Structure formats: structure tokens, C-alpha cells
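Both of the next two complexes hold subunit A, though its partner changes from subunit B to subunit C.
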Partner chain A sequence: MATTPESGISNRARGVRGLSLFLSSIQVYGIAIFLSFGVIAAISAILGYPVFEVLETLVFSSFRSFAGLKSTIKVSIPLLFTTYAFSIPFKIKFFNIGAWGQMLLGGAMTAVVGLLLADWNLPSVVMIPLLVLTAILAGGVFALIAAYLKADYDINPIVSTIMLNYVALQCVAFFCTARGFTDPKGGHPQTMLLPSSAALGFIGGIPYSLLLAVLAVLLVSVLINRTRLGYEINAIGYNPVAAQSYGIDFRKTIMLTFFFGGALAGLGGGLEVLNIHNRLLVGFADISGVNFGPLGVLAALVVAGNPMAVPVASFFMSVLLVGADRLQRTMQVPVELVFLLQAVIVLLIVITRARLSAKR
Partner chain B sequence: MNENRPPRVSPIFPQGLACRGVVGARVRAGRMDRKVLLELKNIRKAFGEVVALDDVDFSIEKGGIHGLLGENGAGKTTLMNILYGYYHMDRGEISFEGSKVKIHSPQEAIRLGIGMVHQLSTLVPEFTAAENIILGTEGRRISFSTGGERPGILKLCEEVGLSFPLDVKVRELPAGIKQKIEIIRALHRGAKLIILDEPTTYLVESEFEQLLKSIKRLIDQGITVILITHKIREVLKSCDTVTVMRKGKVEGRIDRPEMDREKLVKMMFIEKEIKITESALPRVQLPDCRRSELPVLRVQNLAVEAGENGVGVHNLSFDLYGGEILGIASVSGNGVKELVEAMIHPSRLKEGDIRVKGESIRGLSTLEVFARGVFFTPEERIQQGILTEGSIKENVLLGHQGEKRFLRHDLFVNWEEAGKAARKTITEYGIYTPSEDFLIKRLSGGNIQKVIIGRAFVSQICLLITHNPTVGLDISSVEFIFRKLVEIRNQGDAVLWINEDLDELMMLSDRIAVIHRGELRGIFPRNQFDKYQIGLAMIGA
Partner chain C sequence: MDAITTFVSQTVLYATVYTLVALGILIGGRAGIFNIFGEGILLTSASSGLIVASLTQNWFLGFLTGALAGGATGLAYIYVHETYKINQFLLGVIFFILGAGLSDLIYKLVVGVTLTPPIAPPTPVVGGRILSELPILSGFLHQSLVVYFMYAAILIAWWFYYGTKVGLETRAIGEDPKAADVVGVNVTLRRYLATVIGSILIGIAGAYLAIVVIKTYSSGMAGGRGFMAIGITIFASWKPQKALVGGLLFAAVEVLSFTLQIVAKNFPYQIPLMLPFLAVLLIMMIFKKRIEFPASVGKPYSRE
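Moving on, here comes the complex of A and B:
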């Protein structure tokens, strides 16, 4: 508008813009979290629980003891992977609601291959990388089905990924009860234990899968910010028409984003099997009865699907989940209250963001 | 085009049913008595730190066409959006028909009798013209049928001399007809004042002539029209008064008798020295230039299937030499879009051949075509030309992401090199921005186009294909682009310049090829340029 090249938009103005962006996102999250804790306080007061104790347990259970922190980390690892599984395809504006299925299939294939290889007596250095690779491929290829359906038949990935979740769910149920895999003494649909060479193990109570999670964070950040492929993914997300006009392959990009997303979810599932349960069982990727897949979608929506913010979002969600678990055990507060809180937080963040941006 | 087809008449309802907003009766009386219709006083509007309107006064009389002239970003559209209730002013007052009014929303503006036709169509593409016209006026009725309103609409169309098919989905209609529908929609809601925001951006010359005729009919019916434009020649051709804006302020108002080109140019660009031609284009010379021995581009018997809303290309052959600007004159929807597509995405090529410097590009990917030294700037600047949410740096890199120079180990983007290229483009093209990391969508239209053109010269090229590069740009940006095209040609490279503005083409092309319904209708050398002949060829006569 009324400006001249000489005066220029100064760097100061740009600095102010950056700062105001930062302040506005603090504003968004601050207001939303404050309001949702208000909602929780109100509901627990109505239900007759001591409000401050509820809030305190919810937020600080993760930080009061090392055990609390350990279980938060344990929860945040699979959640991180499913949050990525949603966020990466979301970069090009597609919804991968299939992290659930991709995670389940990753876990299932890991257990199946692990059990099939049990008699070979492979050493851990061979066994574990092999099974990790299996998990990655299983999740990635499973997600590719939805990408292919979108690219060649224009089928909305929301629909196909949701449907495929049930396929994966049945696969898990099948292997947990199939002859040759099932553990008849289990009393719960589950497979036999994997050979000990397939166990990842813990260090000081923290699962080794944390290393792979950290590696995933680094790789995703390099992929998105540094690589040519990342640039192409960003470009398609910014404007698919322009990106294609200038030679970016839409089909290839959609396939790859879904593959990466699915692969990470599959890896998350595989790590649950290798590190936590050492076997496949129905509900192996659940917390308090809810699968990490949908929780990942929630966590991703909290940060508007920004892959750079995924670690923070999934850790934040894990804090709430661990707090909820503790609430349930020490104060008999139903865990549903916390799922309610999470839904309220996500909704309020989305609403606050929309309202603040609508003002200008 | 079906614009001359008479509207179909509903057999169910005879003529003469009541119609809201019948033009004649209510306002005809007030014609020409120079009564002030609208007065905006001390309007101020700031967006953050940017003052878009700085104490603007604007007033017009009843009747006639009132121009609102200024460069892009002068504040014309902002001012009108305030009048139409889209934006809220920081301070100031509006009086309409002699009484002070407060307009908080477009609904209130419509209720007062103010209608606005925006630059981009606001019609629902999946609805027919008739449905679009009555949309929002159907009140509390449950059914959404256009039957009852149809005679009124037809009468209205007849009164102002606009005709278009009422029952075709708007999606299938060209831009010129969409505007007519929007005008009728405004009249149907009882508009006494119609604001046209840059109506000619997506119109060709002949469509503008037609629109002008209809506007004159409106004026005869007592309607007042405000024409927002940055084209001096449109003002000279049509307006009774003109108010010139510059940098958020009103420079002054001139009435018909005192209007002349020099005066308007001076008011629009006080500090800039821009020479303009008869048709109010920036004057840029086309010096003699040797053209190359061999063609840079050879299109042979090209046939492309029709895309959406197009006719495809049939048996098209032409040569383009180095040191030459070949203009392509064609009305939109006649196959030029498909021609450009075929050159940029030759992997989809079915029949015929395209050769660049003698080598066929059949089956190559877009990036491979770019690697041969061909680059393009697309027709739709925003939709097709830029990564809307990306930075300038990311946008300059677009199309070059596969080049060795911008890659490390073939896998990583060399962002330092990309930043360097972006900074070079910013300095060379005078793009007005704080840094290369600035979001491109925050730039003005002219600066966005400079990024798109600058992107083409990041690497060595031998052929630039550019589609309507000057649409909607102000005169100083147009001048810049003209100079750039001539500079490329003078370096011995080739330019394929597709443009819907014949005046522009005739000023700077070495030859003009005319394409109508996907076929070549002749190539005119510079010494045989004749606006009438070329115009005839463009419409296939």
C-alpha cells in the first residue's frame, strides 16, 4: 500500500512480525489450555472431586517422580510416531486417519516375522534391525494402498484409511488366535513370546526405542527442511497447481508422504512389540483403551499438523495421558474425563486460532 | 460464445409479474440533475502499520460513469470495500442520497441500493445464472425454484440490454458473461449505484466494448456506476468524471471536459517518468535485431485434446527464431492454454512434434524441458504461478529444484545457493521486500509477477513462454515487463508472448500469430500489423 522502496519494510518491522507471531501462538495455546482446564475443573467439581487435586495430579504426575517421567516417555514414543503419521501427509493437505491400522500392522508383521524366525537362532544384531525394517515396510506399504487409491482413483484417503484400520485390526486378531502363533495359556488373545534375541530392552527403565524416536525426529526434520523431496512436499502443500506446473510430480509426492507416514506408524507399532510386550496381543498399542492412532491425530491437530512441533505435541499429550491414568488409580476419576479434556483442548485451540486470525 | 443467444422465456409465467428492483421507475427521475449521490468524507483505514487510506474525500453525482483511477495499491478497492461494508473504516463518514449512513456489512449496502461487482467472480459455479441471481433474495420460501422470478429477470435484462443464457451452469460461462450476471444480480436487488472493480481484467477488447454499451444503457436507466480501474484508456473512453488516487490519498478529480491523458498520467505517477503511447501503454522501443538462422522452437502438426473449457489444438505448426518476439493473439478458450501445456508437459503429447533447437522434446518431463533452456510464466499468476504460502526464496527455486547447482549430493537442497539466487532476483528486479524469506503472498501483484519472471532467468534460457504477463498490473510494472521481454529478444533469445491485449502485442511483437478454435489463422509480420485484420482473424471471421 502506501509505501516506497526507499523506506522499505524495515528489518525491525519483520522482527516485530516474528515476535507477534510467537506471542499470538502463545496467546492461542495459553487461552485454549486455560479454558479447557476450566472446563475440567468445572466438570470435576460437579462430579464431586476435589478440583485442585485433580488438576494437580493431571499435570504433575509426570514430573513428580522418576517413575512418572519414565511412563510418560514410554507413552510418548508410540504417540510420537502416530502423530508423525498424520502430520507428514497433512503437509500436502491429506488426512491420514490410518495411523491406527498402520501401527497395528507394523506390530503384527514384526511379531509374525519374529516368530517365524524364532528357530533360526539369529543374533540380536541381525534380528532387531530385520524386525525394525519389517515394521517400517509393513506400515509404509499398508499406507501406500490409500495413496494409490487417491492418486489413481481419486478416492479420499480419509475414507480408505479408516476402512483399512479395520483390516489391520482383524489381522492382529487373526494372528493372536491363529494356530502356530497363539499362546494357548494366555487367557487373552495374544501370540507366544518372541525369542529373547528380538527384545530391545531398557536402560535405567527407559526403553531403547527412545533412541529410534529421537532418530526419527532428526530424520523428519532433515527430510522436511533440507532435502529436495521435502521442498517438493512443501511446494505441493503451498499450492499443488503451481507445484505441478513447474514439474513436481504430484503422484510421487502423495505416495512418498503416505509411505513415510505409514512407515513411522508401523515402526511405532513394531517397537511396542519389540520393546514393551515382546509379543503381539490384541490392544498392544492402546492406552487406557484408546489406540495411539486416533490420539496421534489429536496431538497433530493441536499443532496444526506442523511436523516440527510434533515432539512437543506428543509429549504434552503423554503428560495428560499419564496424569489421567494416575487420576483413575489414585482418585477413581474416570479416564474418560481426560479424553474429554483432550477433545476440549483440541477444539478450543482450533477455535481460538480461528477467532484470533479472523479478527485481522 | 453464446452471449448473443436470446434468453429462454419461461412458458409458465407470462411477462409482467412484479420484480424487485425494477430499474426504471424508481430512479429515472433523478437523472442528470447533478445532485450529489454519494459523499465519503475523511475516510481513514489502516491495516496494522500500513495506512491504506489517509483522509480520503470522494463524492459523485447521480447518474453517469465515475472513474476511480490509480495504480495497484493506491487504495481504490479498499475505499470501495469500505463503502460496500466489507471493511470497517477507522474514521470518516459516508452519506448516501443526502443522509448519513453507517454500513457495517454488504447486506446493509445492498439494502441501501449499492451493488458491487468484484474483480473475481463471486457467483456459485454449480448454479445456473438464474439461480445465482435470486440467491440470497429467496427469503423464507422453502423451495428454491427460479420460476417466479424469471419474468422479472428477463425484463431487467431487456431493459439494460444484457442477455445471457439463464439456465446454463455458471461454471461453463466465460468471464465476460459472468460479469453481466453479476450486474443483473446487483440490479435485481435494487441497486442504484453499481461499483465495478477492474471489470476488464479478464475481458478482451471486444468484450469490454460490449460491457461499455451495457453500462451506457444502465446510465440511461438512471443507474450510477463507479468504475475502478488502473487503465487510463478505459477512463478516457468511458468516464464522465474521474477521481485519481495515489498512495492512499486522493490526488484530485477531473470532469469530462478537462480530461486528458497527460494530466491523468501526471496525477497517477507524480515522481515517475513514464512515457505512454496513444493507447496509454508505456512506450518501449523495439529496436532492429538479427534473428537467428535456425528456429529455437519448431512446432509441427501439433494436436492436443481439449482440456476443461477448451477446444484443444489441431494441426498447429509454426517456427520461432532467436532474437524474435512472437506474439500469439487469441481469445481465451481457443486452445492456447493447451498449447502451453503441451510445451511444458510434453510427456502427455500425442500427435505432432515440438522441437527446441532442433531436438524433439516429445516425452520429456517438465524439468527436462526446463533443462533444455525453455521456461514459462503461467497465465494464472496466483493459482498457477506461485507457492502461495511459501517464501520468495522457495518461489524462486521452483522449477530449478532439480538443477545440480541447487542440490547437494543430489538429495539435499542447497539453500545458501537458493538464497543467493533469490537475493539476486530481488535486487535485479527491484522487488520490494525486506528479505528473501518474506512470504510471497504479502507482495503486491506487480512484485509477485516480477518474482515469477525473475524465476525464469535464474538459469540460462533460450526460450521464454509467457502467458498474459501484464494482466492486472499497473503501468510501471507493465513497463518493466515490456523492457524485460525486449531485452531477452535483443540478447538473441526467443520469446513466445501470449497476450489477450492486442495493443500490447502490436507494440512489441516481431510477428503475431493468431489462433482461433485451436487452429492457426495466419501469422502477421510486423509491417503488416493491422488491428482490424488481426481482430477479425481472432474471432475466426
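Moving on, here comes the complex of A and C:
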């Protein structure tokens, strides 16, 4: 019954196919990364920056010092979650552009519940799981709206998730300025600090949220590879017509993939609040002025939305983001140059992949 | 009466942005290309248009730059899409990010960090004494020349799609590219043209936003209007005349929320700011049956 599409292929054939896949992906990434670094080198040369130093800072800032590595990890955690938020629904060919909104709402609800419970003096063992659960539910339920609109009203999730992003953005702005939540002394719109029992804390400068990120990676791989839902997701992604004729419930699968995607983005937002800022503030889901939503889409497209490869992709993008920040601070190279580089890398990867698959 | 006239005037000022972007998206969509990167074009054209306009102190060169930036983005997009048949939405997200990055990059490189942001030169305003003194109507008529350009663009688009043979053919591409191809319409060429012309209109909207509405540039100044215009286009069933209605409606909500921020200080101003986005979804839910969609929108076409 539960056969994978490859079950008829012998191990040897699978090995050969795996090897050729591996070679073709080296081709894809090699060409794309080589070309896009060429583009960045050309632009920096035209603008009069030292080309070699720019490229070196961009790539090696994360690895030259422990501080660099720590900030790379700090950036890659929220990015990992938004990348999953796009990748999981993408497996069944739906676009969740709403990771930003789901992250914002997850963070907002975490802060709101945390502040409402502040007077109860709950211990950390109760408080933190409760708030983590709040973040998961807030993000998941928010994404469910888009899934419901797709399933029952046939509204394209791209449109609905983009609209919902801006609703969530205003929710964050609302709570950051609402009486009872806002911190009147903050120059920036932000809420009061959460009680100390809600702080996740750091170990050796690395946030504890890393543990939850690792747990999420394990759970997603179990979900995709070992559960019935994962099998159904793979089946729809592989051949939607066949999947439907086998009686797979599309509606349920849409709902569940969006819920899991949104839940992960919400968790990412909640962890930013609990671990990094200890409060809600406007712009908490941004890095250098760009938010983690589109960055997650880019990271996901690097690996063609393959959930198994998401950690690698989000780490790779974080390395570039940390390098970009360093470039701006030490050499006054605008960070936007690197956002452009990332978009160009992804564009080239997508194009090369399309060309290779057209040849086959 | 004066208050109403001011309100109308402000609404038309903002509606021009929404309507031009919605019209640009609509023109692409009628030929089967769903432009979701309007926000990216808005930003790039806003920054490049404003910089050129303030450096040369010539509003027209600013608009020309904005239009060219839009057209170039559209051309790059349609080239990649038509050549490699990559999913339009996926490509659209990438182009949105490209545009958003490019806008701030251009601004930082040319202007840098400065305490005195570049100021846009004034644009010619239509209307002598008679037009500017009419109650309410002057809100529509006593406006920048670009607003008149928008009125004209709507009229021309409406006439083109419903009054000419070429327009009918273009609508046919949006419905069924294969059938249009069979009767001898060059689908690829039309899709190129539609995307580039649509993107030029969005580029003009971006330059208008920076030069006429805000009069300077700030990072992310499009504020989601490029995305909201997608909602307007859908609400308008991809019809030019209805896009103007949708644009006015959305602009009215935006102007109302500005007014609320000033008049009622304690009222949470974020709620009216959410409204347009929720309205898009509600309208799509309520008018599900009555909203028409060009059948081939978003789908690649290859002759096989």
C-alpha cells in the first residue's frame, strides 16, 4: 500500500540516480554561485571597493571569530523557521509568502500572553512551555486562515498570505503602543519587558532557542519521511492527479501543511521575543531592514523547497547576511548589495535548474 | 464643504498610485502574466525617479527614469519567464526582493547618509481659478498632470480592451493562449509587450509616489501598496474602469486612517490601516462567484 515512487527501483539503480542527481546539483550550485559572485565582484569593482576584501569579508566573517559564528547562529534560527514555513506548503505546490506575518503574530501573542501572565508569578518550567505553545498556535492558526481561504474560496494563498502579513504588522504596532502593554520610556515602539521567568537565556553566548531549532529539524524530517501525512504530502508533490485518485484528502493536506508551516514561523517569532529581545518591538522580525519572510523564501528556493536541506540553506544565507553586516560596518558597503546578491544567486539557481531539467 | 473637498483631493492623490499599479498588473494579467512584483518596481522607480528628478530639478526626467526602471524590470522578468518557463509567482517573489534591494542600494550609493534628504521639484498642476474653486469636483480636477495621465490611461485601456480588435485578441490570450495562437496571434510577443507596458505604468506610479505624493524617498515607502493593488485588480475583475473605482476606495480608506490618527489620538490607528488588507480578502470571499479571472493568468505557455 504505502509504496514510495521509487520502490520499484533497485538499490544499485538508485545509487546511480543519486550520483547523477548529486553531480547535477553541483553543476546547478557551482554555476549559480560562481556567476553571482562574479556579479558582486564586478559591481564592487565599478563602485570602487576592493574586490578581494569584499568577497573575503562576505564569506569568512562568520568563521573568523567565535563572535561571528555566534551571530550567524543567532540569525540562522529565525531564518530556519521562515524557510520551513515556505518549504512545507511548497511541497504540495502552494506558496506561503506569509512567514513574515506568521512570525510577527507568533511573537506578538507570545509577548501579550507573557505580559498578561506577569502577575501570576508562574515558574519558568510552566511559563516557557506555555509561551512556546502560544507562539506555535498563533502562527499555525494564522496560516490556517490562508489555507481555509484556498480550500473553501479558492483564493490563491499568495494573495491571502501577503494581505495577512500587513494585518499582522499592524497587530504588532498595535500591541507595541497599546495602553497596558507599551513601554512609555522606550524611544522605539515596544512593549514592557516580559517577566524574567519567561526568558530563555543563553549558554556560552548561544541562545537556548538553538535547541528548539534542532528539535524542529528532527520533527520535520520525521513528519516528512515517517508519517502518513508526510507520505501524502510527497505523493501530492510527485503527482497530484494520481494522489487524488488514490483518495488523498487535498483539503486536509492543505490545512495541515499550512498549519505546520505557520506554526514553525510563529515559533520562530516567539523565540525571538523570548530569547533575544525579551519583549515585543516593532521590527523584531527584520534584519538590516529586510524581514525574515522573503529571506526565507529565497533560502527555500536555493534548495528547491526540499525540507531536508533547509538547515543548510538557511545557514548559507545567514553566513551572507552576517558578512553583509560586517561589510557595511567595516567598509561602508551597503547591505543591500548583499540582498541583491542573494536574489541573484537564487535567480541563477532557479534558471540553471530549469535549463538542466529541460535538457533531460 | 472645504473639508470634503480636501478629503476628495487627498483621496485622488493617493488613488493615482493604486490605480496605476492596478492597471499595470491588469495589463499583464490580460495577457496571462500575473505581476506580483509591483511592490518591487514601485520601490525601485520611487528611488531612481526621485534621485534623477531632484538632481536635475526636472520632474519629467524623474518620471522618465521611473518608467524606464519599471520597463527594464518587466523586460527582465518576462525574458526569464518566457525563456525558461519558470513559475510566475516564484519568479515574482525573487523580482520583488531584487527591486526592494535595488531601491535602497541606488539611494545609498547616490545620496548616502544625509540630514537633508533630496527634495523633489514641483510637477505642473492642471486647473486655473475656475477648476480650483469648484466644490468637491476640484478634488478630482485640480490635480497634478500625472493624475490626468492616470485618467487618460484608464480611458485608453478601456477603449483598447473593449473597442479594438487587438484588444480583443489580447483578452483572448488571457483566456486561452492556445486558441489565440491558432488564429495567428503572436502570444509570446504580446506577453512581452503587455508585461513591459504594465511595468512601465507601475514605474510611473513609483516615481509619482516619491515625486508628487511624499516629495522625498524613504526606505520601504511603498508600504505594501504594490501588493494591495493586486487585491484591487482582482476586486475589479481585471477591468480598467473598475480598477479606478477600487483605487479610489482603497485610497479613501487610507486617507481616513491618516485623518483618524490626527483627530482621535487615542483611537488605535492601526485598525483602519489593517482594513484595506482585510477588505481585499473579504471582497474576494463575498464576490467569489462574480469575480472574473482571465483563465490563463499565471500559467506559462509553450507551443507543443
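By definition in this document, the second predicted complex is superposed on the first by the 344 of 360 C-alpha atoms of A that agree within 3 Å, B and C clash if a C-alpha of one lies under 4 Å from a C-alpha of the other, contacts with A are read in each partner's own complex, and residues count from 1 in each chain.
What we mean here is this: a residue touches a chain if its C-beta (ideal position, glycine included) is under 8 Å from a C-beta of that chain, and two chains touch if they have at least 3 such contacts.
No experiment lies behind these values; they were computed from the predicted model shown.
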Which superposed partner A:G266 touches (first subunit B, second subunit C, both, neither): neither
Partner chain(s) touched by A:S245 [first = subunit B, second = subunit C, both, neither]: first
First, second, both or neither for A:E232, with subunit B first and subunit C second: first
Partner chain(s) touched by A:L298 [first = subunit B, second = subunit C, both, neither]: second
Of subunit B and subunit C, the chain that contacts the larger number of subunit A residues: C
First, second, both or neither for A:L164, with subunit B first and subunit C second: second
Interface residues, subunit C side, partner subunit A - complex: 36, 80, 84-86, 89-91, 93-94, 96-98, 100-102, 104-105, 108-109, 219-220, 224, 227-228, 230-231, 234, 268, 270-271, 273-274, 277-278, 280-281, 284-285, 288
Complex interface listing, subunit A residues touching subunit B: 1-3, 5, 8-11, 13-14, 226-232, 234-235, 237-239, 241-243, 245-248, 360
Residues of subunit B that touch subunit A when the two form their complex: 47-52, 54, 73, 75, 78, 247-249, 344, 365-367, 370, 378, 380, 383-390, 394, 397-399, 401-402, 407, 410-413, 415, 430, 432-435, 438
Residue ranges of subunit A in contact with subunit C within the complex: 47, 95, 97, 149, 153-155, 158-160, 162-167, 170-171, 173-174, 177-178, 289-290, 294, 297-298, 301, 334, 336-337, 339-340, 342-344, 346-347, 350-351, 354-355, 358
